[in-house]
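Following this message is one structure expressed as structure tokens.
All chains are identified by letter, namely A, B, C and D, in their written order; residue positions are counted from 1 within each chain.
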Amino acid sequence: MDELIEKIIQFRDERDWKKFHDPKDLALSISLESSELLELFQWKNSQQAIEQNYSDMQDEIADILIYTLTLVHDLKIDVKDAILQKINKNAEKYPVSRFKGSSQKSTRH
Amino acid sequence: MDELIEKIIQFRDERDWKKFHDPKDLALSISLESSELLELFQWKNSQQAIEQNYSDMQDEIADILIYTLTLVHDLKIDVKDAILQKINKNAEKYPVSRFKGSSQKSTRH
Amino acid sequence: MDELIEKIIQFRDERDWKKFHDPKDLALSISLESSELLELFQWKNSQQAIEQNYSDMQDEIADILIYTLTLVHDLKIDVKDAILQKINKNAEKYPVSRFKGSSQKSTRH
Amino acid sequence: MDELIEKIIQFRDERDWKKFHDPKDLALSISLESSELLELFQWKNSQQAIEQNYSDMQDEIADILIYTLTLVHDLKIDVKDAILQKINKNAEKYPVSRFKGSSQKSTRH
């Protein structure tokens, strides 16, 4: 992951684009890319969408990750740590004993 | 990254949640989590948002990555490869010589 | 508003498109169109965006309203009533005496 | 519609909230509210979602319209005109003769 972040930031620095990358605009860009991914599923079920748009899905997922890892870098977040901590929080909120096989939202926040 | 994907899928399998994870709903969930991140910047500039919500930002970014890596796993995408290919495509679309310091969109698609 | 809804539904019926308009896909389409509006503000402040993209903004806002009013029609919602009720709820949640000039979120839900 | 816009702006002016309503943040808010509507459909098909969340759907649709009409007001857009023009553009892009019963995207832009 660190190696990917390095390549992403190198791409940006070569173009001198950091000055455009206000964190609010990066968060907005993650949202826009995730909408472009979602658009590949519009008016279709998953199977139809995957058959017709698999290659575009790879590109849109890459775009989401590129912007997310850019923001991770700029906010100096330890991404591995953030994910593991979130999994632990989710494990407390959704204990296996109560939520196995259930899609209900937890009432704990 | 592979290790993180493994932990994420293990969390899901313990709860028997794969059956809910239709790819269209996973794409939708990435979009919803990216909106929750964006909401932390609503009515604020970046500096205010970061000062007030840094810890929540880590959590929302983790959520975006957890759903994105779940979809990566389910669609059998080689995520490192997808990101590197996308960086190469972007490098062709936005050559340093023409786009250094410029935020204009490329007209090449 | 009723007249506009009628025109929107007439456009759809002439093309026999109701069969594609699953409410989940309509909700998804509203979200996608609102992202297209938001994209007109990406990497820009409001003033720059309005100067460069005013005409596109009109189109994207029209798209948001067209899909929203389609969903309103299909879900048999009384849209005027829904808006007035929501304004009343907001007025209780954000009394003038406490929230005048303040952007804080209410803690009442 | 004009009467609704007037009520919405009156609500805002009583709270002196115009100063927070930067158009970029209003566009962002429309997107966030449309995500809240979409969330009511997460992990569900349309029928399940409507059965479980009909009243919340009314509220979220009202929120989308409230922010959209606020932006319409602030950008001085003639909303009825914008919608009718967009329907005409769509009618040219998707002529009945070619698109009746078809969900394909037009290749004309």
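Structural remarks
The rule we apply is simple: contacts are C-beta pairs under 8 Å (C-beta built on N, C-alpha and C of every residue); 3 or more make two chains touch, one makes a residue touch a chain.
If you're wondering where the values come from, they're calculated on a predicted model, not measured in any experiment.
By number of C-beta pairs in contact, A-B leads when A-B and A-C are compared.
In the contact between subunit C and subunit D, the residue numbers used by both copies make up over half of all numbers at that interface.
Centre-to-centre, using mean CA coordinates, subunit A is 25 Å away from subunit C. Between the Cα centres of subunit A and subunit B there is a gap of 2 Å. Shown for subunit B are the residues that touch two or more other chains, namely 20, 28, 31, 35, 38, 41, 43, 103.
For subunit A in complex with subunit C, the touching residues are 20, 25, 28-29, 31-32, 35, 38-39, 41-43.
Taken together, the subunit A residues at the contact with subunit D in this complex read 28, 31, 43, 103. Against subunit B, the residues of subunit A that register as touching in their complex are 1, 4, 7-8, 11, 14-17, 19-20, 22-24, 27-28, 30-31, 34-35, 37-38, 40-41, 44-46, 49-50, 54, 57-59, 61-66, 68, 71-72, 75, 77, 79-80, 82-87, 89-91, 94, 96, 99-101, 103.
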